[in-house]
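One chain, chain A, appears in both complexes that follow, with chain B as partner in the first and chain C in the second.
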Partner chain A sequence: MSHEGRVLRGVVLAVVVLGLIAPIALGLWQTGRAAFGILPALGRDTLSLEPWRDLAALPGLATSLRLTLVTGLGSTVLSLLLATGFCAAVHARMSNATGARLLTPFLAIPHAALAVGLAFVLAPSGWIARLLAPLAGWERPPDIATVNDSWGLALMVGLMVKEVPFLLLVILSALSQIPVARQMAAGRALGYGRGIVWIKIIMPQVWPLIRLPVWVVLAYALSVVDMAIILGPSNPPTLAVALTRWFSDPDPAMILPASAGAVLQVVLVALAVALLIGAEALGKRLGRWWLRRGGRGLSAEPGLWAASAAVVALMAVGMLAMVSLLVWSLAWRWSFPQIWPESFSLKPWAGAQRGWMRALGNTLVLAGATAVLSLALAIAWLEAEDRARRSRAAWAEALIYLPLLVPQIGFLYGLNVGFLQVGLSGGIWAVIWAQALFVFPYVMIALSDPWRALDPRMIRAAAALGAGPGRRLWAVKLPVLLRPILTASAIGVAVSVAQYLPTLFMGAGRVATLTTEAVTLSSGSDRRVTGVYATLQAALPFAAYLAAALVPAWVHRNRRALSGGVT
Partner chain B sequence: MKFPLALALSLLATPTLADWQETLEAARGQTVYWNAWGGDARTNAFIDWVGEQTEARYGVRVEQAKLSDTAEAVTRVIAEKAAGQDEGGSVDLIWINGPNFLAMKEQGLLHGPFVADLPNARYLDLGPTSPASVDFTVPVEGMESPWRLARFVFSYDTARVAEPPRSMAEFLPWAEANPGRLTHPDPSNFMGATFLKQALIELTPDAGVLQAPVTEAAFAAATAPLWDWYDALRPNLWRGGETYPANESVQQQLLNDGEVDIAMSFDPASTAAAIADGLLPESARVFVPEGGSIGNVSFVAIPFNAANKEGAEVVANFLLDPATQAHMQNIEVLGSFSVLDPARLDAAAKAGFAALPSAPALPTLDALGPTLLEPHASWMTRLTEDWARRYVK
Partner chain C sequence: MSLDLDALSIRAANGLALFAPLSLQVPAGAVVTVMGPSGVGKSTLLDAIGGHLAHGFQLSGAVRLNGRDVTHLPAEARRIGLMFQDALLFPHLSVGDNLAFGLPPGLRGRARRRAAVEDALAQAGLAGLHDRDPATLSGGQRARAALMRTLLADPAALLLDEPFSKLDAGLRDEMRAFTFAHVTSRAVPTLMVTHDPEDARAAGGPVVGLTSPEGRRL
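Up next, the complex of A and B:
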């Protein structure tokens, strides 16, 4: 390892540990203290279990826990099954590029915006019901709980509309590392059906490559707040929503049991991940026995088609939701059972203009700053790995994923107190920092694989021509990697735009972004204004993805080998 | 000259004028972060207007920190206190009342008393039992300044409902005849809690006990008829009482969507305003129970560690200006009733109120009937806790 490599590595590690890991640890420490009765601001300074007793006595806690587990685990497992089934059914028929293009809108739209649209599409007075109303003869919307239902089904649908495309993308990128066509041919020749080859041969190779992203999905689904407020049950809500409510209870003493609940939320996610690890171990044992038995089994074909149909249905509902946002933002009166607005108006756009212009400005600044900072850090990290000629240790991978696995509610209140103590809160910098905690991991994950896939011969050729490490980075690696770098930035922008809790807590409510405004407005009665914000909120990441696709195509318009080769 | 001479002279006569001049000078150039519930577009627009006015007149900018729940601002101040940030805090002004005010007052999180120092406080009736001096029976003691009147009202669509219920007791047979067409916001939201309080006041044998802090014995006796009524009502609520809208705005949307027949609000003008905004059908109207309905006053308070206290006081004072109050009461602007005492207004100010336009769905003060007093804040906390214990499973 060169001296320079070691220095760079040290600096990057220090920035990551101090800038990203320390705040989370600090936040967890503060929350943990409050969970055991220590909150000096309220004059509480003795260690006690009282917050836990209070938490246990809160009505509906058991139901909240059950709901959280059912919706979180349920949506993740179902999404995984559907995504796998869909991949098995269509993988041979669709190129990765087409797939990615189809998935982009779903990846780009923030959870909150999608939830607002879905709430309208699925509601008993919503779009689907309005389409059915003439057939069913409904003059009034039917009294059925199709959103905010007490089982959390609408919430699960909402989560799946976001999770299935994400998992599809992850699986597709994993599949590009496996000789699927050859193994499929071999499997078919041995008399296995298509679906069985997929289950017995392909997925066992895919799983290690997608394990971490699945954990991230699971952690997210178990602790989501914005989507659960809009689509989930309310009486009682899921644990994360209940916690957000308790943290903002008029009685400040509620912060203590709320903190205990936040710790419980962290434990819940840890348990769910442990459950997944246990299932994997069990699957390995049973799977081996099952493989060696060599049964050619029944055809899995109907299952694959059912999964594909379900995925298409989810996408259709998601598409309807996105379109409904745009239509609402242009509507004036649009009441049940009208399928199309009775009158249109630009008033929602014009009336809220001052508000959305400012929110858009803040959102752009935050997204730009966090994406650039995260990208710089990610490139520095990857370059340091190159110069040190080392692959990534497991602990380093864990560091990257940590912010995505620890529930936000578990450390944000504590982190806010920590930020305040060092006099850094309420400003745009505090929000940039807090958002970067979540933007950096995604940028890092998105950039790692393409970076490693870079053809080493190019670097060697550059080195042989006398280019030092700096020149190799600037003149070879970065230009060649332009497309994945821009894609990673677009992902960074999308993640930044979607951040709700960090912006709210660290910005002290002063930094209004499209997302904070959309979630606040979705607690109001004006779908049209909510539609304005949600449309912008969805458009921004989409524009970033579009730029990430068009800019390299233009820059590399006379470089055939670079136009679409490395992604 | 904007102010009539008499007004200017009376300003000079105010003993605190010199102090107020200092406040105005210190406030110039400050930006006041007004933390206010952001779910109502008209209120947001009014706050924007206030900011434009105070910037032009006093050089004080106003930024609204939009909250989805007032308690967020309270939590923020507590977090700042937890971090030892006793000055330069991020919250300058809070739209507050009831339990949030009680919590902040008890925790010593408020700046003040400051109301008596505001020149425009002379238009207020600050007698010890006046609505501007008592917030949910808790004495205000100058720690928060009133800015708009709130009255609990129901709204309904006359095209769907011929006869709305005339009392809380009548909601029961009405819901039996119209199952699934009635709901109320979740009681963890103040509007849902107010629905329960309105029913409690009408159904309890002696409403007088509600004015004192709650005790276990009094609570059991006072609420027994309420729970009997609610147990009978709940199966006929929207979605069988399994779920509730998050707040009154969501419920208004349900009314507009035709999912329910009745919505509720703390603002008698909200129905007319919503019609003008295309958010309710033209046929929507307001009704109140015959015995009257709960009323209270919305206040603004300043946290103990606010960075821009002087600017916040200037905004609080501007809100009490008769011209501001008349602008606010204009149905085309906000439609909220003024908190000023009409007896203390001069002829010009009175004429300003008299000249305001009307709207078909805007009830007159007479049609709203008598104002019922808010119970002591501890009742609301106890009531929502008990509701949750009974019905959150």
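Up next, the complex of A and C:
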């Protein structure tokens, strides 16, 4: 390895360990100490189990735990089943590029904006009720809790509208590495139906490729806060929402049981992932037994079509939610049960202008800074791998996924305590740092595959022509990879715009973004103003994705090898 | 000018040698062909000579260029040109800019650099294609452009990695003649690996067989 390669590797490793891993470790450590009674800021310095006794005594804890497990595990398992069934039914009929285009709006929209839109659609006075009103004879919104229902059904629908498209994307990209058509032909020639080939042959090969993303989905669903505030049950809420409330309680002593709850949240996610690993092991044994029996099985076709129909329905509701954001932000008079507003106005936009301009400014600064920083680190990391001519070690891959698997609520409060000690809390820099913990992994994951897909012989050809490492990077790799680099940046922007908890905790409530404002407004009064914030929140990632598609198409307009296709 | 390999041997990450230590001399303008079935490490041998060896491989012996030991120099400092079975033109650059990429920085002046590129394009029968997208060239045009790009960099030695195997039969003869004519006229020592005896015959130089570490002929 060259000297330069070693220096770059060292720098990247130091930045990743100190910038990304240390804050998480520090946050977990501080949270863990507080969970066992040690919080010097409150003058508590003796080890005790009191926070846990207080936690257990908090009203609604058992219900919160049940809700968390049901909505988190339920939405993940259902999403996985639906996405798998949908892929099995339509994979052969749809190109990957079409699929990616269809999924993009669902991947781009922040959880909070989608949740606000879903609340508009699902609420008793929402679009669905308005559509049904003439049939049911409703003059007034029906008295049914369709949002914030005590079962958490609305929350599960919200999670699934986001999770199914994400899993579809992950499964489609895994399928592109498998010769599906030939294996399907081979399996069917042996007398197995399409659905059975899918279950017995294709999925066992897909699973190892999607295992980590499924864990990420599970960890997220178990600890989501913004979407659970907007759509989930409110009294008692899911554990993560309850913890957020307790951490922001006016009584600072609540921090101790809240910290114990945060540790519980981490344990919960760990147990759920362990459960998934156990289910995988069991599934493997059962699957082998089933496979060896050689049964051709019944047709799985009806199940596949049911899954596909459910996916289409989820996406339709999601689309309706996105449209409703814009319509509500522009609506003026819109009485029940009219399907369409009776009059439109820009007054909500004009009235809230000062507020949303400030939030938009903060959001843009945060998104720009975190996306640029994450992209720089990702490129430095990948370039360091190239210069060392090594592939990525398993532990390095695990480091990338770590921030996505540890629940945010588990370490953000502790991290804030750490930031307070070094005087970094409450400012935009603290928020940038905290957001980057979650933006970087997605940027890194999005860029890694296209980077590795670059023909290494092309880089060797550049070296053989006398181009040193710097010129190979700037004059060959970066221009050729312009499209995936911009796509990764757009994903980074989308992730940053969607961040709620890091902004809330690290900004100490002083850094208002479109997301924090939308979540705050969603519980309140005026749908129109909420619609303004949520529309803007959704518009930013859409704009970023659009730019990521248009800029390379324009730059490479005369370069056939680079202008086509979606990466 | 000459390219010398001195008891060159490569061990994979598992510690096993790929082939018996190889010593050979390629004089200026000569084309030496290394033969062997696919998978014996012919490409790895070229990687080692050119300085592109992946992490994990252990190299012993020496690569000398005009008597100078270049074994530990980075690829970009060796001045050893490399041609693959694919043209591998940079897809984001025009045909002319691909050629200009390899042109040594010592040649100064926009007009003179442009003239050098245009001259090379004309020699390859690509006159007037300076601004074309490489993806729109025919297979033969691409292969000729790639050779010109490599030669413009003024290499002190040239490595050819099965350079004709992906061309169709008619084009193959034409490219062989074109390549070897340019190589011999510039007196560059050239080492080619191939599994096609026709390539070796067309090259007209000595043929070396890679042997297994035990001395068995592969």
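The rule we apply is simple: the second predicted complex is superposed on the first by the 565 of 567 C-alpha atoms of A that agree within 3 Å, B and C clash if a C-alpha of one lies under 4 Å from a C-alpha of the other, contacts with A are read in each partner's own complex, and residues count from 1 in each chain.
By definition in this document, a contact is a pair of C-beta atoms (placed from the backbone, for glycine too) under 8 Å apart; a residue touches a chain by one contact, two chains touch by 3 or more.
All values reported here derive from a predicted model rather than from experimental measurement.
Chemist: Just from the overlay, do chain B and chain C fit on chain A, or is there a clash?
Modeler: After superposition on chain A, which the two structures share, chain B sits beside chain C with no clash.
Chemist: Which one hits more chain A residues, chain B or chain C?
Modeler: The larger set of chain A residues in touch belongs to B.
Chemist: In the superposed arrangement, does A:Arg389 touch chain B (first), chain C (second), both or neither?
Modeler: second
Chemist: If we overlay the two complexes on their shared chain A, which of chain B and chain C does A:Asp455 touch? Say first, second, both or neither.
Modeler: Touch partner of A:Asp455: chain C, not chain B.
Chemist: Quick one: classify A:Phe106 as touching chain B (first), chain C (second), both or neither.
Modeler: neither
Chemist: Examine A:Leu562 and indicate which partner it touches, taking first as chain B and second as chain C; both and neither are also allowed.
Modeler: Second partner only.
Chemist: Give one of first, second, both or neither to describe whether A:Gly468 is in contact with chain B, with chain C, with both, or with none.
Modeler: Second partner only, chain C.
Chemist: I'd like to know which partner A:Trp433 touches here: chain B for first, chain C for second, both or neither.
Modeler: Neither: A:Trp433 stays clear of chain B and chain C.
Chemist: Considering only touches as defined above, state whether A:Pro40 meets chain B (first), chain C (second), both or neither.
Modeler: A:Pro40 contacts chain B only, not chain C.
Chemist: State whether A:Tyr413 touches chain B only (first), chain C only (second), both chains, or neither.
Modeler: first
Chemist: By how many Å are the closest C-alpha atoms of chain B and chain C apart after the superposition?
Modeler: Across the overlay, chain B reaches chain C at a minimum of 47 Å between C-alpha atoms.
Chemist: Mind sorting out which residues of chain A both chain B and chain C touch, each in its own complex?
Modeler: Overlap of chain B and chain C footprints on chain A: empty.
Chemist: Give the list of chain A residues in touch with chain C in this complex.
Modeler: 1-2, 388-390, 455, 457-458, 460-469, 475-476, 479-480, 482, 556, 558-562
Chemist: Show me the residue ranges of chain C that touch chain A in the complex, using the header's touch definition.
Modeler: Those in contact with chain A are residues 47, 50-55, 74-77, 79-82, 84, 86, 88, 90-92, 94, 101-102, 104, 133-136, 149-150, 153, 155, 159.
Chemist: For chain B, which residues count as touching chain A in their complex?
Modeler: Within the complex, chain B touches chain A at residues 33, 35, 38-41, 44-45, 48, 63, 65-76, 78-85, 90-91, 98-100, 102-103, 107, 179-180, 186, 188, 238-239, 242-244, 246-247, 249-250, 252-254, 256-259, 274, 277-279, 281, 381, 388-389, 391-393.
Chemist: Touching residues of chain A toward chain B in the complex: what are they?
Modeler: Residues 39-42, 59-60, 63, 123-125, 140-141, 143, 145, 148-150, 229, 233-236, 245, 247-252, 255, 332-333, 335-336, 343, 345, 351-352, 354-355, 413, 416-418, 420-421, 423, 425-426, 504, 508-510, 512, 516-517, 519-521, 523-529 of chain A touch chain B in their complex.
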